[in-house]
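After this come two complexes, each holding chain A, first together with chain B and then together with chain C.
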Partner chain A sequence: MSDSWRQPRRVLMAALGALTVFYLLAPTLVIVPMSFTEARILSFPPEGFSFQWYQRMWTDRQWSTGIVNSLQVAVLTALLATVLGTLASLGISRGRFPGRSFVNGLTLSPLIVPVVVIAIGMFGLFVQWRIAGSLVGLVLAHTALALPFVIVNVSTSLQTMDRNLELAAANLGADPRRSFFHITLPIILPGVLAGAIFSFITSWDEVVVAIFMTSARFRTLPVEMWEQVRQAVDPTVAAVSTTLLVVTTALLLLLVVVRRQAPAQ
Partner chain B sequence: MTAPEPTTAATGSAAPATNGADHPALALRDLRKTFGSAVAVDGVDLDVRRGEFLTLLGPSGSGKTTTLRMVAGFMAPTAGSIEIDGSDMTRVPPYRRDVGMVFQNYALFPHMTAADNVAFPLRMRRRPSAEIKKRVADALELVKLGGYGDRYPRQLSGGQQQRVALARAVVFEPRLLLMDEPLGALDRKLRESLQLEIIRVSRELGATVLYVTHDQEEALVMSDRIAIFSAGRIEQLGSGEDLYDRPASLFVADFIGESNILRGRYEADGGDGDWVTHDDARWRVGRDAAARAELSSGTPAALVVRPERIRIVDGGGAGDGLNVVEATVDEVLYLGPDTKYHLALGWGQRVAVREPRESSGRELQRGDQVRLAWSVDDGLLVADPGGA
Partner chain C sequence: MATADEARRRPWPSLVGARPRFNRWSALALPAVVFLVVVFLIPLLAMGLRSVTDPPGAGLANYEQFFAQDAYVRVLTNTFWIALLATLACLVIGYPFAYLMTVVPGRFAGLLLIAVLLPFWSSLLVRTFAWQVLLRDTGVINRFLLDLGLISEPLTLIRTTGGVIIGMSHILLPFMVLPMYAVMRRIDPEYGRAAANLGASPLSAFLRIFLPLSLPGVLAGSLLVFVLALGFYITPALLGGLRDQMISQLIVQQIQQRLDWGFGTAMSVLLVGITLAVLFAASRAVRLRDVFGSSVGED
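Then we have the complex of A and B:
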């Protein structure tokens, strides 16, 4: 009896869900077929099938240096943000000092402050320091944006970790440094890796701060796309977009795997 | 179970070592720990002899675990000192104390095998790998887990995990073995077999053990001596027999074993003997008990009588050296070999009596009027700080 009214309700729910998913994914997925077009301009539906725009992406100097620059910035950002964020998490969750929750809030502020505000602020400062428009400047800026993701992930791992394990390590003769490398780090590693992946992604597709922090001589991939789209609507942009999308998706899948690896307590 | 010397002093401070080589394995001197305005440990003095199994027993919040954690070095004392093997350890970090510890939740490293867990303290001490291999194998053998070295903690049962934790805590031959309610997370059957296991291992190694529990049976079974904790202090220190037969306070009498506590007033009467009185009732107090309690006449006191020391008698007057009271049977409980009676005395005082089943030979029922008797020497006299 109850099924008779549940059945249509279920169908409705499924339809609504499917519509929502379509709405979310369509703009992203429409770009993928467009990247394989034979036509010389960006259009939908695509005409024919070719890899020429992918070829173009690799051979064109502007595009290929954009890819290399983006990879460099993202890798360095991930490294820096992961090391700093892990240390900050340790301090915040294990340390005892006044203003601890204030510091915690401060480290998470890049999540809340509008990105363009951060970008303008940093631009002003970095011009003075003469690192605007350089690799160093952009890595520092992206690190600030990525830090909260590392801190959130690592702090969660630290909180779920049994504190007695660190006490046991100390009891058995491990000084704080060896206790960290032998016990704490291996146990929180899934959180640290998740933080690193989030940092990489944050930097990899970041465009607002990057527009301020790059120059004609040093451009990342998203900035190059932004510049190109304003001049000519060349299907290479679709190929680049698809590449960005594939890398990000692959990393998110990796994240799922990493999270599964978390030691069962 | 038997201690070389009975210690009944309330603070339990033993005499200082006579010469340099004869230090106690652990000496606590006026140890204190406060958290803000809350006093967790309030002046603990304690000597643990080499090779001794000493248990800190008390209700939760009595300061026993805090004391253990200060000995391990996980917490700094607010005041007082900790000496291990004669050297001051009060400010030494835990990783330089050379003390083994077993935690209630095992605290095995989840990312390491059982063998790697046991090897950890030896690796931290940079022992050669051949020696590590041999000592790890020996330690696992000692706790009867030879062949389990390759398993991860999650592949072991609770009891097996605790054995690995024990092997890990003793493999580096620490000067002191600390155990914080190590059997608290295990079921009763397993707890009893592991109690015997822990005693066997610690005897085989000649280890000095400081053990924390709130389970008095466990303390009685395992310990050479027991320190009863209450409100951050050691209420009494002694062997299990000392504590059971000669409790120094009402708290200890109530905490260790089951007790009938008859509250009243102590009346010393030179000629006639000593008494505890309650309104019209009065009970005679043995000479030894009176001497031990050191009470002055007229102070609030309690007479403590164990349930197995009271007999149900069939009429007859008060024999010499017996206290006799009238009582009404309230409940009869059959406990296998024993029968336990709950009875009420005239003024609402409740009394428990425990008798071997075959000795009774009678069928008592709720409401029956009986007479209870106990030997004067079986009554223990303690001060009653809560009494009027």
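Then we have the complex of A and C:
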């Protein structure tokens, strides 16, 4: 339809597109320059330039332990979710067993059930299991939230891969394990890595479940931020926000690289 | 399941012979299934149980309490109302954008996709905080308008329903655009050309060819946004006023402040029930795979 376009319509669409891109990106990015302000309050345009709020973030014990806790939880979540999710994808896309649609639904349902409800359900039992307010509890909770992303990504890789390669490996005498590690895993690796990256981000940014699963002694960065934004806000919160955004964006760029490395299929 | 001995004799059981009810690959799904049952499903079921047993012998009392009070029912209708408005806002902004993504050359389409995916994956809390900073009485928008002399005193933007809708539609927009784009890009441009060759004006070609073919995407996106909006907590809590309370806020309030687990879990069950009912009702018109498939990062 594009070649039947007349000029004014084109200009209108381009303007609308630019406006929407602005709407999508600008409101969030406004935080970034504000984090470098010299002033003691959040202001735009920012006054002067300084790293004082980043310094504050690193030296303040609450913020800095928040960063460390968040990184720990996100790394452990990514590991656990990637292992469980990759195995599950293999089982779901190649397995044959009764109740497959139940398993399919179960693995995707953490995306559908409202996160507040998930948080309260888990909190209720995790308190009884004595893992609420701890690293273990939060990693388990975040892994459940992250699993669907791993399974969708790895399953897509598995669906597009040519299984004749495995047959060839078997014909040449490779046992299933060898064929998995030498043929299958390298081919689906981009999907696995994408799943790992999405799991990390899911945990790194997650706040609602974390509000319930953390305690005064063990807090993640988003929870610390949540506690702050409801009171008087100083520019440290902008520095924290920028940190959260930078980590996520860097990982998404990594994902683009991973996808580009994927063998053409 | 096959014993180790059998497995050695038949290393590729799924490729030869009669189809068994199980094959060896199946076992690989087991750890994740057990994990989700223990960490996710059992807690949800326990929550449901608690809603009818806390306080002991509660039965349906917690649910009756909810529907007996106008204030609670108002929160529920308000939740629907806000979710609906946010969905409409996303639709109005998202449709032209998804359309644009399908008609621009590939390189630009990639850039537009990045513009959608970056906010999609960045922190909801950070984005809500950004809107707080923008919408405050002393915020960026009011300062800008005051400096321009367009207004003489700050507009009340935050702690209003409008503020909640703005923040939520900004956060939910990618969930609208991605399913619509997934459907629109599959529409064969030849149809449009054929219509033009047969004398249709661009407008009528759009209205009679493209629009109807894109409707599955519109439905999928709207459904996804609406369902997600129903469960929003952070954004209405930071951008809304007391009158804009949504059901998630009420749930957290009951559990965290009043420690009223019976009532809190009953409302949670209600929220899940409504979400599932909306999805079930819509599943007749929409393929749920389209809804959730495109929202988790592929494509």
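Methods note: the second predicted complex is superposed on the first by the 259 of 265 C-alpha atoms of A that agree within 3 Å, B and C clash if a C-alpha of one lies under 4 Å from a C-alpha of the other, contacts with A are read in each partner's own complex, and residues count from 1 in each chain.
Heads up, the rule we're going with is that contacts are C-beta pairs under 8 Å (C-beta built on N, C-alpha and C of every residue); 3 or more make two chains touch, one makes a residue touch a chain.
If you're wondering where the values come from, they're calculated on a predicted model, not measured in any experiment.
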item	value
First (chain B), second (chain C), both or neither touched by A:Val257	neither
Touch count on chain A, higher of chain B and chain C	C
Partner chain(s) touched by A:Arg178 [first = chain B, second = chain C, both, neither]	first
Partner chain(s) touched by A:Val115 [first = chain B, second = chain C, both, neither]	second
Partner chain in contact with A:Leu140 - chain B first, chain C second, else both or neither	second
Which of chain B and chain C A:Ile201 touches, first, second, both or neither	second
Contacts of A:Pro186 with chain B and chain C, given as first, second, both or neither	first
Chain B versus chain C as contact partner of A:Ser241, first or second or both or neither	second
Partner chain in contact with A:Ala170 - chain B first, chain C second, else both or neither	both
Residues of chain A that lie at the interface with chain B and also at the interface with chain C	167, 170, 175
Of all residues in chain B, those that touch chain A in their complex	72-74, 93-101, 103, 105, 107, 109-111, 120-121, 124-125, 154, 168-169, 172
Parts of chain A lying in touch with chain B, wherever the complex brings them together	162, 164-165, 167-175, 178-179, 182-183, 186-187, 263-265
Chain A - residues contacting chain C, complex	1-6, 9, 13, 16-17, 20-21, 23-25, 27-28, 30-31, 34, 42, 44, 84-85, 87-88, 90-92, 94-98, 103, 106-118, 120-126, 140-141, 143-144, 147-149, 151-153, 156, 167, 170, 175-176, 194, 198, 201, 204-205, 207-208, 222, 225-226, 229-230, 237-238, 241, 244-245, 248-249, 252
In the complex with chain A, residue positions of chain C that touch it	11-12, 14-15, 19-23, 25-33, 35-37, 39-44, 46-47, 50, 93, 96-97, 99-100, 103-104, 112, 115-119, 121-127, 129-134, 140, 143, 170, 173-174, 189, 192-193, 196, 202, 205-206, 210, 227, 230-231, 233-234, 237-238, 248, 251-252, 255, 261, 264-265, 268, 271-272, 275-276, 279, 292-293, 295-298
